[in-house]
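We call the chains A, B, C and D, going by the order they appear; numbering starts again at 1 in every chain.
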Amino acid sequence: MSIKEMIQDHPAVGADYTEELGEAVKHAMYCAAICNSCADACSAEDMDMRRCIRLCLDCSDVCEATYRLASRRTDENRQLIRTMLATCINACEICEAECAKHDNPHCRRCAQMCRECAEDCRKALDKLNEEVHADA
Amino acid sequence: MSIKEMIQDHPAVGADYTEELGEAVKHAMYCAAICNSCADACSAEDMDMRRCIRLCLDCSDVCEATYRLASRRTDENRQLIRTMLATCINACEICEAECAKHDNPHCRRCAQMCRECAEDCRKALDKLNEEVHADA
Amino acid sequence: MSIKEMIQDHPAVGADYTEELGEAVKHAMYCAAICNSCADACSAEDMDMRRCIRLCLDCSDVCEATYRLASRRTDENRQLIRTMLATCINACEICEAECAKHDNPHCRRCAQMCRECAEDCRKALDKLNEEVHADA
Amino acid sequence: MSIKEMIQDHPAVGADYTEELGEAVKHAMYCAAICNSCADACSAEDMDMRRCIRLCLDCSDVCEATYRLASRRTDENRQLIRTMLATCINACEICEAECAKHDNPHCRRCAQMCRECAEDCRKALDKLNEEVHADA
(Lines give C-alpha, C1' and ligand atoms only; values in the text may rest on other atoms or scores of the structure.)
Protein backbone atom coordinates (compact mmCIF):
# COMPACT_ATOMS: atom_id res chain seq x y z
CA MET A 1 0.00 0.00 0.00
CA SER A 2 1.39 3.37 -0.94
CA ILE A 3 0.30 6.84 0.08
CA LYS A 4 1.96 8.20 -3.07
CA GLU A 5 -0.16 5.99 -5.35
CA MET A 6 -3.22 6.88 -3.27
CA ILE A 7 -2.75 10.60 -3.92
CA GLN A 8 -2.59 9.90 -7.66
CA ASP A 9 -6.03 8.23 -7.44
CA HIS A 10 -7.53 11.59 -6.46
CA PRO A 11 -10.06 12.72 -9.09
CA ALA A 12 -8.47 16.17 -9.38
CA VAL A 13 -4.84 15.14 -9.68
CA GLY A 14 -3.31 15.88 -13.01
CA ALA A 15 -0.20 17.57 -14.26
CA ASP A 16 0.12 19.36 -10.94
CA TYR A 17 1.08 16.17 -9.10
CA THR A 18 4.71 16.29 -8.20
CA GLU A 19 6.80 13.30 -7.25
CA GLU A 20 8.61 15.55 -4.76
CA LEU A 21 5.47 16.36 -2.77
CA GLY A 22 4.54 12.67 -2.74
CA GLU A 23 7.92 11.80 -1.25
CA ALA A 24 7.59 14.53 1.38
CA VAL A 25 4.15 13.23 2.38
CA LYS A 26 5.45 9.68 2.70
CA HIS A 27 8.47 10.63 4.78
CA ALA A 28 6.58 13.06 7.01
CA MET A 29 4.14 10.21 7.75
CA TYR A 30 7.04 7.93 8.71
CA CYS A 31 8.79 10.69 10.65
CA ALA A 32 5.64 11.37 12.71
CA ALA A 33 5.61 7.68 13.69
CA ILE A 34 9.38 7.38 14.30
CA CYS A 35 9.51 10.54 16.48
CA ASN A 36 6.48 9.37 18.48
CA SER A 37 8.28 6.06 19.06
CA CYS A 38 11.60 7.76 19.90
CA ALA A 39 9.94 9.98 22.53
CA ASP A 40 8.56 6.82 24.15
CA ALA A 41 11.90 4.99 23.97
CA CYS A 42 13.72 8.05 25.39
CA SER A 43 11.40 8.09 28.39
CA ALA A 44 12.49 4.50 29.16
CA GLU A 45 16.22 5.34 29.14
CA ASP A 46 18.05 5.79 32.43
CA MET A 47 19.86 9.01 31.54
CA ASP A 48 18.10 12.39 31.46
CA MET A 49 16.40 12.54 28.07
CA ARG A 50 13.83 15.24 28.81
CA ARG A 51 14.98 17.61 26.07
CA CYS A 52 14.97 14.80 23.52
CA ILE A 53 11.47 13.63 24.56
CA ARG A 54 10.15 17.13 24.13
CA LEU A 55 11.72 17.76 20.73
CA CYS A 56 10.60 14.35 19.42
CA LEU A 57 7.00 14.98 20.52
CA ASP A 58 7.04 18.42 18.89
CA CYS A 59 8.53 17.03 15.68
CA SER A 60 5.97 14.21 15.60
CA ASP A 61 3.09 16.69 15.87
CA VAL A 62 4.47 18.92 13.13
CA CYS A 63 5.18 16.00 10.76
CA GLU A 64 1.69 14.63 11.36
CA ALA A 65 0.02 17.92 10.44
CA THR A 66 2.37 18.32 7.47
CA TYR A 67 1.66 14.98 5.86
CA ARG A 68 -2.09 15.25 6.43
CA LEU A 69 -2.47 18.61 4.74
CA ALA A 70 0.16 18.02 2.04
CA SER A 71 -1.67 14.84 0.96
CA ARG A 72 -4.95 16.71 0.30
CA ARG A 73 -5.56 17.58 -3.35
CA THR A 74 -9.12 18.94 -3.33
CA ASP A 75 -9.20 22.55 -4.51
CA GLU A 76 -5.81 23.84 -3.38
CA ASN A 77 -4.02 25.33 -0.41
CA ARG A 78 -0.48 25.76 -1.75
CA GLN A 79 0.48 28.78 0.29
CA LEU A 80 -0.21 26.91 3.51
CA ILE A 81 1.51 23.74 2.26
CA ARG A 82 4.63 25.81 1.56
CA THR A 83 4.52 27.40 5.02
CA MET A 84 3.98 24.01 6.64
CA LEU A 85 6.81 22.35 4.69
CA ALA A 86 9.13 25.11 5.93
CA THR A 87 7.93 24.55 9.50
CA CYS A 88 8.48 20.81 9.12
CA ILE A 89 12.05 21.35 7.91
CA ASN A 90 12.59 23.50 11.00
CA ALA A 91 11.13 20.87 13.35
CA CYS A 92 13.14 18.04 11.78
CA GLU A 93 16.43 19.94 11.94
CA ILE A 94 15.94 20.79 15.61
CA CYS A 95 15.01 17.20 16.48
CA GLU A 96 17.82 15.72 14.41
CA ALA A 97 20.42 17.93 16.12
CA GLU A 98 19.31 16.65 19.54
CA CYS A 99 18.93 12.97 18.61
CA ALA A 100 22.35 13.01 16.97
CA LYS A 101 23.89 13.73 20.40
CA HIS A 102 22.70 10.40 21.81
CA ASP A 103 24.26 7.07 21.11
CA ASN A 104 21.29 4.75 21.51
CA PRO A 105 19.89 2.99 18.43
CA HIS A 106 16.45 4.66 18.50
CA CYS A 107 17.96 8.17 18.57
CA ARG A 108 20.36 7.33 15.74
CA ARG A 109 17.48 6.01 13.68
CA CYS A 110 15.31 9.02 14.54
CA ALA A 111 18.09 11.46 13.60
CA GLN A 112 18.43 9.76 10.22
CA MET A 113 14.67 9.85 9.66
CA CYS A 114 14.53 13.57 10.53
CA ARG A 115 17.39 14.29 8.13
CA GLU A 116 15.66 12.47 5.27
CA CYS A 117 12.31 14.09 6.03
CA ALA A 118 13.84 17.58 6.09
CA GLU A 119 15.56 16.87 2.79
CA ASP A 120 12.37 15.67 1.09
CA CYS A 121 10.37 18.60 2.43
CA ARG A 122 13.06 20.94 1.07
CA LYS A 123 12.84 19.35 -2.40
CA ALA A 124 9.04 19.57 -2.34
CA LEU A 125 9.21 23.19 -1.25
CA ASP A 126 11.71 24.04 -4.00
CA LYS A 127 9.41 22.42 -6.55
CA LEU A 128 6.36 24.33 -5.29
CA ASN A 129 8.32 27.58 -5.35
CA GLU A 130 9.36 26.89 -8.96
CA GLU A 131 5.70 26.49 -9.90
CA VAL A 132 4.90 29.82 -8.29
CA HIS A 133 7.58 31.47 -10.38
CA ALA A 134 6.37 29.65 -13.51
CA ASP A 135 2.80 30.92 -12.84
CA ALA A 136 4.03 34.49 -12.52
CA MET B 1 12.97 3.38 7.43
CA SER B 2 10.76 0.98 9.32
CA ILE B 3 8.50 1.60 12.31
CA LYS B 4 8.76 -2.11 13.15
CA GLU B 5 12.56 -1.95 13.43
CA MET B 6 12.23 1.29 15.39
CA ILE B 7 10.07 -0.39 18.03
CA GLN B 8 12.72 -3.09 18.42
CA ASP B 9 15.28 -0.40 19.23
CA HIS B 10 13.31 0.45 22.37
CA PRO B 11 15.48 -0.18 25.48
CA ALA B 12 12.73 -2.23 27.15
CA VAL B 13 11.78 -4.49 24.26
CA GLY B 14 12.59 -8.10 24.79
CA ALA B 15 10.78 -11.37 24.46
CA ASP B 16 7.48 -9.55 24.67
CA TYR B 17 7.90 -7.99 21.24
CA THR B 18 5.53 -9.64 18.85
CA GLU B 19 5.79 -9.50 15.09
CA GLU B 20 1.98 -9.31 14.97
CA LEU B 21 1.78 -6.08 16.97
CA GLY B 22 4.52 -4.58 14.80
CA GLU B 23 2.51 -5.37 11.67
CA ALA B 24 -0.64 -3.86 13.19
CA VAL B 25 1.24 -0.66 14.06
CA LYS B 26 2.63 -0.37 10.54
CA HIS B 27 -0.71 -0.93 8.84
CA ALA B 28 -2.67 1.31 11.19
CA MET B 29 -0.17 4.07 10.37
CA TYR B 30 -0.74 3.55 6.63
CA CYS B 31 -4.49 3.22 7.10
CA ALA B 32 -4.66 6.54 8.97
CA ALA B 33 -2.95 8.19 5.98
CA ILE B 34 -4.97 6.37 3.30
CA CYS B 35 -8.32 7.13 4.96
CA ASN B 36 -7.35 10.79 5.40
CA SER B 37 -6.53 10.91 1.69
CA CYS B 38 -9.71 9.04 0.69
CA ALA B 39 -11.90 11.49 2.63
CA ASP B 40 -10.26 14.32 0.72
CA ALA B 41 -10.63 12.55 -2.66
CA CYS B 42 -14.28 11.72 -1.88
CA SER B 43 -15.04 15.38 -1.23
CA ALA B 44 -13.79 16.16 -4.78
CA GLU B 45 -16.13 13.61 -6.43
CA ASP B 46 -19.31 14.80 -8.12
CA MET B 47 -21.65 12.22 -6.59
CA ASP B 48 -22.84 12.45 -2.98
CA MET B 49 -20.03 10.95 -0.91
CA ARG B 50 -20.91 12.45 2.46
CA ARG B 51 -21.27 9.12 4.26
CA CYS B 52 -17.96 7.91 2.87
CA ILE B 53 -16.17 11.14 3.88
CA ARG B 54 -17.45 10.80 7.40
CA LEU B 55 -16.52 7.13 7.83
CA CYS B 56 -13.05 7.70 6.34
CA LEU B 57 -12.37 10.61 8.72
CA ASP B 58 -13.53 8.54 11.69
CA CYS B 59 -11.42 5.57 10.60
CA SER B 60 -8.37 7.78 10.09
CA ASP B 61 -8.69 9.19 13.63
CA VAL B 62 -9.06 5.74 15.18
CA CYS B 63 -6.13 4.25 13.22
CA GLU B 64 -3.95 7.20 14.18
CA ALA B 65 -4.63 6.76 17.90
CA THR B 66 -4.20 2.99 17.56
CA TYR B 67 -0.78 3.06 15.95
CA ARG B 68 0.51 5.74 18.28
CA LEU B 69 -0.35 3.91 21.47
CA ALA B 70 0.40 0.41 20.13
CA SER B 71 3.92 1.52 19.20
CA ARG B 72 4.75 2.62 22.76
CA ARG B 73 6.75 0.07 24.79
CA THR B 74 7.61 1.97 27.98
CA ASP B 75 6.12 0.26 31.02
CA GLU B 76 2.97 -1.35 29.59
CA ASN B 77 -0.66 -0.60 28.80
CA ARG B 78 -1.81 -3.91 27.31
CA GLN B 79 -5.41 -3.74 28.41
CA LEU B 80 -5.87 -0.44 26.57
CA ILE B 81 -3.98 -1.68 23.51
CA ARG B 82 -6.35 -4.65 23.32
CA THR B 83 -9.40 -2.40 23.63
CA MET B 84 -8.01 -0.02 21.01
CA LEU B 85 -7.16 -2.83 18.57
CA ALA B 86 -10.75 -4.04 18.87
CA THR B 87 -12.03 -0.50 18.22
CA CYS B 88 -9.73 -0.21 15.22
CA ILE B 89 -11.06 -3.47 13.75
CA ASN B 90 -14.56 -2.04 14.18
CA ALA B 91 -13.66 1.27 12.49
CA CYS B 92 -11.90 -0.47 9.58
CA GLU B 93 -14.78 -2.87 8.94
CA ILE B 94 -17.32 -0.03 8.86
CA CYS B 95 -15.16 2.08 6.53
CA GLU B 96 -14.32 -0.87 4.27
CA ALA B 97 -18.02 -1.76 3.85
CA GLU B 98 -18.77 1.79 2.68
CA CYS B 99 -15.72 2.24 0.42
CA ALA B 100 -16.42 -1.16 -1.19
CA LYS B 101 -19.71 0.28 -2.53
CA HIS B 102 -17.92 2.89 -4.66
CA ASP B 103 -16.16 2.20 -7.90
CA ASN B 104 -13.53 4.93 -7.91
CA PRO B 105 -9.86 3.95 -7.51
CA HIS B 106 -9.28 5.75 -4.19
CA CYS B 107 -12.23 3.99 -2.53
CA ARG B 108 -11.14 0.60 -3.86
CA ARG B 109 -7.66 1.18 -2.51
CA CYS B 110 -9.01 2.45 0.81
CA ALA B 111 -11.30 -0.59 1.17
CA GLN B 112 -8.35 -2.90 0.63
CA MET B 113 -6.22 -0.99 3.15
CA CYS B 114 -9.00 -1.15 5.77
CA ARG B 115 -9.37 -4.90 5.19
CA GLU B 116 -5.64 -5.49 5.68
CA CYS B 117 -5.50 -3.23 8.72
CA ALA B 118 -8.45 -5.00 10.36
CA GLU B 119 -6.82 -8.36 9.66
CA ASP B 120 -3.49 -7.34 11.18
CA CYS B 121 -5.16 -5.81 14.22
CA ARG B 122 -7.08 -9.07 14.68
CA LYS B 123 -3.88 -11.13 14.58
CA ALA B 124 -2.20 -8.76 17.06
CA LEU B 125 -5.22 -8.94 19.34
CA ASP B 126 -5.28 -12.76 19.19
CA LYS B 127 -1.59 -12.82 20.08
CA LEU B 128 -2.07 -10.44 23.02
CA ASN B 129 -5.02 -12.49 24.25
CA GLU B 130 -2.91 -15.69 24.08
CA GLU B 131 -0.30 -13.98 26.27
CA VAL B 132 -2.97 -13.09 28.81
CA HIS B 133 -4.05 -16.73 28.96
CA ALA B 134 -0.41 -17.87 29.19
CA ASP B 135 0.14 -15.47 32.13
CA ALA B 136 -2.90 -16.86 33.96
CA MET C 1 -16.76 29.76 21.72
CA SER C 2 -18.39 26.44 22.43
CA ILE C 3 -17.95 23.11 20.70
CA LYS C 4 -21.38 22.07 22.01
CA GLU C 5 -23.09 25.02 20.31
CA MET C 6 -21.05 24.35 17.18
CA ILE C 7 -22.39 20.80 16.92
CA GLN C 8 -25.93 22.17 17.15
CA ASP C 9 -25.24 24.36 14.11
CA HIS C 10 -24.81 21.21 12.00
CA PRO C 11 -27.46 21.11 9.24
CA ALA C 12 -28.49 17.54 10.12
CA VAL C 13 -28.79 17.90 13.88
CA GLY C 14 -32.28 17.49 15.15
CA ALA C 15 -33.97 15.57 17.90
CA ASP C 16 -31.07 13.14 17.96
CA TYR C 17 -28.73 15.71 19.49
CA THR C 18 -28.06 14.77 23.07
CA GLU C 19 -26.70 17.06 25.71
CA GLU C 20 -24.75 14.08 27.09
CA LEU C 21 -22.77 13.51 23.91
CA GLY C 22 -22.02 17.23 23.68
CA GLU C 23 -20.58 17.17 27.21
CA ALA C 24 -18.48 14.09 26.40
CA VAL C 25 -17.08 15.80 23.29
CA LYS C 26 -16.19 18.92 25.26
CA HIS C 27 -14.49 17.06 28.07
CA ALA C 28 -12.64 14.63 25.81
CA MET C 29 -11.26 17.68 23.97
CA TYR C 30 -10.04 19.18 27.27
CA CYS C 31 -8.75 15.82 28.49
CA ALA C 32 -6.68 15.35 25.32
CA ALA C 33 -5.03 18.73 26.02
CA ILE C 34 -4.59 18.20 29.78
CA CYS C 35 -3.04 14.72 29.34
CA ASN C 36 -0.69 16.03 26.64
CA SER C 37 0.39 18.77 29.04
CA CYS C 38 0.71 16.36 31.99
CA ALA C 39 2.98 14.03 29.99
CA ASP C 40 5.21 17.01 29.27
CA ALA C 41 5.20 18.20 32.89
CA CYS C 42 5.93 14.63 34.13
CA SER C 43 8.99 14.45 31.90
CA ALA C 44 10.36 17.56 33.66
CA GLU C 45 9.98 16.07 37.17
CA ASP C 46 13.04 14.67 38.93
CA MET C 47 11.47 11.39 40.07
CA ASP C 48 10.86 8.48 37.68
CA MET C 49 7.60 9.28 35.93
CA ARG C 50 7.98 7.03 32.90
CA ARG C 51 4.79 5.05 33.54
CA CYS C 52 2.80 8.26 34.02
CA ILE C 53 4.21 9.82 30.84
CA ARG C 54 3.22 6.77 28.84
CA LEU C 55 -0.32 6.53 30.21
CA CYS C 56 -0.91 10.27 29.74
CA LEU C 57 0.25 10.12 26.10
CA ASP C 58 -1.98 7.10 25.45
CA CYS C 59 -4.95 8.79 27.12
CA SER C 60 -4.39 12.00 25.16
CA ASP C 61 -4.40 10.08 21.86
CA VAL C 62 -7.59 8.20 22.73
CA CYS C 63 -9.42 11.34 23.95
CA GLU C 64 -8.39 13.18 20.78
CA ALA C 65 -9.81 10.50 18.50
CA THR C 66 -12.92 10.24 20.67
CA TYR C 67 -13.86 13.92 20.58
CA ARG C 68 -13.14 14.22 16.87
CA LEU C 69 -15.40 11.39 15.82
CA ALA C 70 -18.07 11.99 18.47
CA SER C 71 -18.46 15.58 17.26
CA ARG C 72 -19.28 14.53 13.68
CA ARG C 73 -22.98 14.50 12.82
CA THR C 74 -23.03 13.81 9.08
CA ASP C 75 -24.86 10.61 8.29
CA GLU C 76 -24.16 8.51 11.41
CA ASN C 77 -21.60 6.16 12.94
CA ARG C 78 -23.19 5.35 16.29
CA GLN C 79 -21.80 1.88 16.69
CA LEU C 80 -18.25 3.21 16.43
CA ILE C 81 -19.00 6.16 18.70
CA ARG C 82 -20.23 3.74 21.35
CA THR C 83 -17.12 1.57 21.01
CA MET C 84 -14.88 4.64 21.15
CA LEU C 85 -16.65 6.09 24.20
CA ALA C 86 -16.07 2.75 25.97
CA THR C 87 -12.39 2.83 24.98
CA CYS C 88 -12.11 6.41 26.23
CA ILE C 89 -13.59 5.45 29.60
CA ASN C 90 -10.98 2.69 29.79
CA ALA C 91 -8.09 5.04 28.90
CA CYS C 92 -9.23 7.71 31.39
CA GLU C 93 -9.61 5.24 34.25
CA ILE C 94 -6.13 3.81 33.68
CA CYS C 95 -4.55 7.28 33.46
CA GLU C 96 -6.48 8.58 36.47
CA ALA C 97 -5.35 5.64 38.62
CA GLU C 98 -1.69 6.43 37.84
CA CYS C 99 -1.90 10.22 38.16
CA ALA C 100 -3.73 9.85 41.48
CA LYS C 101 -0.56 8.23 42.91
CA HIS C 102 1.50 11.39 42.40
CA ASP C 103 1.34 14.44 44.56
CA ASN C 104 2.32 17.16 42.09
CA PRO C 105 -0.30 19.70 41.01
CA HIS C 106 -0.35 18.70 37.31
CA CYS C 107 -1.01 15.04 38.12
CA ARG C 108 -3.76 15.94 40.59
CA ARG C 109 -5.40 18.14 37.97
CA CYS C 110 -4.98 15.48 35.28
CA ALA C 111 -6.50 12.78 37.52
CA GLN C 112 -9.53 14.99 38.12
CA MET C 113 -9.89 15.73 34.40
CA CYS C 114 -9.71 12.00 33.56
CA ARG C 115 -12.36 11.24 36.20
CA GLU C 116 -14.73 13.86 34.77
CA CYS C 117 -14.10 12.77 31.20
CA ALA C 118 -14.77 9.10 32.03
CA GLU C 119 -17.97 10.11 33.81
CA ASP C 120 -19.24 12.18 30.87
CA CYS C 121 -18.35 9.45 28.38
CA ARG C 122 -20.26 6.96 30.53
CA LYS C 123 -23.36 9.20 30.55
CA ALA C 124 -23.15 9.68 26.79
CA LEU C 125 -22.75 5.93 26.29
CA ASP C 126 -25.74 5.18 28.53
CA LYS C 127 -27.82 7.65 26.51
CA LEU C 128 -26.77 6.15 23.18
CA ASN C 129 -27.52 2.66 24.48
CA GLU C 130 -31.00 3.80 25.58
CA GLU C 131 -31.64 5.05 22.05
CA VAL C 132 -30.62 1.68 20.66
CA HIS C 133 -33.13 -0.02 22.94
CA ALA C 134 -35.82 2.52 22.04
CA ASP C 135 -35.19 1.87 18.32
CA ALA C 136 -35.57 -1.89 18.83
CA MET D 1 -10.80 22.70 33.88
CA SER D 2 -8.37 25.06 32.25
CA ILE D 3 -5.44 24.32 29.99
CA LYS D 4 -3.94 27.67 30.96
CA GLU D 5 -3.91 26.76 34.66
CA MET D 6 -2.57 23.34 33.75
CA ILE D 7 0.46 24.85 32.01
CA GLN D 8 1.20 26.90 35.12
CA ASP D 9 1.35 23.66 37.16
CA HIS D 10 4.39 22.61 35.12
CA PRO D 11 7.42 22.24 37.41
CA ALA D 12 9.60 24.41 35.14
CA VAL D 13 7.22 27.30 34.59
CA GLY D 14 8.38 30.51 36.07
CA ALA D 15 8.76 34.06 34.93
CA ASP D 16 8.80 32.87 31.35
CA TYR D 17 5.11 31.94 31.41
CA THR D 18 3.20 34.42 29.35
CA GLU D 19 -0.52 34.97 29.50
CA GLU D 20 -0.44 35.52 25.72
CA LEU D 21 0.92 32.06 24.95
CA GLY D 22 -1.64 30.52 27.31
CA GLU D 23 -4.45 32.25 25.41
CA ALA D 24 -3.06 31.09 22.07
CA VAL D 25 -2.90 27.49 23.32
CA LYS D 26 -6.49 27.63 24.55
CA HIS D 27 -7.86 29.12 21.36
CA ALA D 28 -5.85 26.87 19.05
CA MET D 29 -7.31 23.90 20.96
CA TYR D 30 -10.84 25.25 20.43
CA CYS D 31 -10.12 26.16 16.82
CA ALA D 32 -8.90 22.61 16.06
CA ALA D 33 -12.23 21.29 17.37
CA ILE D 34 -14.42 23.93 15.69
CA CYS D 35 -12.73 23.49 12.28
CA ASN D 36 -13.03 19.70 12.54
CA SER D 37 -16.74 20.14 13.25
CA CYS D 38 -17.19 22.72 10.48
CA ALA D 39 -15.62 20.38 7.90
CA ASP D 40 -18.13 17.72 8.94
CA ALA D 41 -21.07 20.14 8.85
CA CYS D 42 -19.98 21.47 5.43
CA SER D 43 -19.99 17.94 4.01
CA ALA D 44 -23.67 17.65 5.01
CA GLU D 45 -24.68 20.85 3.18
CA ASP D 46 -26.39 20.60 -0.22
CA MET D 47 -24.27 23.23 -1.98
CA ASP D 48 -20.72 22.54 -3.13
CA MET D 49 -18.56 23.08 -0.06
CA ARG D 50 -15.47 21.15 -1.14
CA ARG D 51 -13.07 24.09 -0.81
CA CYS D 52 -14.40 24.91 2.65
CA ILE D 53 -14.12 21.27 3.80
CA ARG D 54 -10.53 21.17 2.68
CA LEU D 55 -9.47 24.44 4.30
CA CYS D 56 -11.24 23.55 7.56
CA LEU D 57 -9.48 20.16 7.72
CA ASP D 58 -6.11 21.81 7.03
CA CYS D 59 -6.74 24.50 9.65
CA SER D 60 -7.82 21.89 12.21
CA ASP D 61 -4.60 19.91 11.70
CA VAL D 62 -2.41 23.01 12.02
CA CYS D 63 -4.22 24.29 15.14
CA GLU D 64 -3.95 20.85 16.73
CA ALA D 65 -0.18 20.69 16.22
CA THR D 66 0.16 24.31 17.36
CA TYR D 67 -1.64 23.94 20.67
CA ARG D 68 0.11 20.64 21.46
CA LEU D 69 3.61 21.98 21.04
CA ALA D 70 2.93 25.45 22.40
CA SER D 71 1.60 23.91 25.62
CA ARG D 72 4.85 22.02 26.31
CA ARG D 73 7.19 23.71 28.78
CA THR D 74 9.94 21.12 29.32
CA ASP D 75 13.32 22.47 28.28
CA GLU D 76 12.37 24.85 25.44
CA ASN D 77 11.66 24.96 21.73
CA ARG D 78 10.88 28.64 21.19
CA GLN D 79 12.13 28.92 17.65
CA LEU D 80 9.74 26.19 16.54
CA ILE D 81 6.86 27.63 18.58
CA ARG D 82 7.36 30.95 16.82
CA THR D 83 7.41 29.29 13.38
CA MET D 84 4.33 27.26 14.26
CA LEU D 85 2.41 30.27 15.58
CA ALA D 86 3.11 32.04 12.28
CA THR D 87 1.88 28.98 10.35
CA CYS D 88 -1.23 28.87 12.50
CA ILE D 89 -2.00 32.53 11.79
CA ASN D 90 -1.66 31.71 8.08
CA ALA D 91 -3.99 28.67 8.31
CA CYS D 92 -6.61 30.58 10.31
CA GLU D 93 -6.64 33.55 7.94
CA ILE D 94 -7.10 31.31 4.89
CA CYS D 95 -9.89 29.32 6.57
CA GLU D 96 -11.60 32.43 7.90
CA ALA D 97 -11.65 34.05 4.44
CA GLU D 98 -13.42 31.00 3.00
CA CYS D 99 -15.89 30.44 5.85
CA ALA D 100 -16.81 34.13 5.80
CA LYS D 101 -18.23 33.62 2.28
CA HIS D 102 -20.87 31.18 3.49
CA ASP D 103 -24.03 32.14 5.28
CA ASN D 104 -24.68 29.01 7.34
CA PRO D 105 -24.32 29.22 11.14
CA HIS D 106 -21.41 26.75 11.44
CA CYS D 107 -19.30 28.68 8.90
CA ARG D 108 -20.04 32.00 10.59
CA ARG D 109 -19.02 30.53 13.94
CA CYS D 110 -15.91 28.93 12.42
CA ALA D 111 -14.87 32.20 10.75
CA GLN D 112 -15.14 33.99 14.09
CA MET D 113 -13.13 31.28 15.85
CA CYS D 114 -10.39 31.46 13.21
CA ARG D 115 -10.24 35.25 13.55
CA GLU D 116 -9.87 35.03 17.34
CA CYS D 117 -7.29 32.24 17.10
CA ALA D 118 -5.20 34.17 14.58
CA GLU D 119 -5.35 37.24 16.80
CA ASP D 120 -4.23 35.34 19.91
CA CYS D 121 -1.43 33.62 18.02
CA ARG D 122 -0.28 37.02 16.76
CA LYS D 123 -0.19 38.43 20.31
CA ALA D 124 1.72 35.37 21.54
CA LEU D 125 4.16 35.66 18.66
CA ASP D 126 4.72 39.36 19.34
CA LYS D 127 5.41 38.58 22.98
CA LEU D 128 7.88 35.81 22.12
CA ASN D 129 9.62 38.11 19.64
CA GLU D 130 9.92 40.81 22.33
CA GLU D 131 11.61 38.28 24.60
CA VAL D 132 14.07 37.43 21.88
CA HIS D 133 14.96 41.09 21.51
CA ALA D 134 15.21 41.47 25.29
CA ASP D 135 17.59 38.49 25.43
CA ALA D 136 19.78 40.00 22.73
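Quick note on the criterion: contacts are C-beta pairs under 8 Å (C-beta built on N, C-alpha and C of every residue); 3 or more make two chains touch, one makes a residue touch a chain.
The structure displayed is predicted, hence computed values, not measured ones.
Where the sister copies chain A and chain B meet, the same residue numbers recur on both sides for over half of the interface positions. Of the two chain pairs considered here, B-C and A-C, the higher C-beta contact count falls to B-C.
Distance between chain centres (mean CA atoms), chain A to chain C: 28 Å. Per-chain Cα centroids separate chain B from chain C by 20 Å.
For chain A, residues that reach two or more other chains under the stated contact definition are 40, 43-44, 50, 53-54, 57, 64, 68, 72, 74-75.
In the complex of the two chains, the chain D residues touching chain B come out as 39-40, 43-44, 50, 53-54, 57.
Within the complex formed with chain B, the residues of chain A that make contact are 1, 3, 5-7, 9-12, 25, 27, 29-30, 33-34, 36-38, 40-41, 43-45, 64, 67-68, 71-75, 104-106, 109-110, 112-113, 116.
By the touch criterion given at the top, residues 50-51, 53-55, 57-58, 61-62, 64-65, 68-69, 72, 74-75, 77, 79-80, 83-84, 86-87, 90-91, 94 of chain C touch chain B in their complex.
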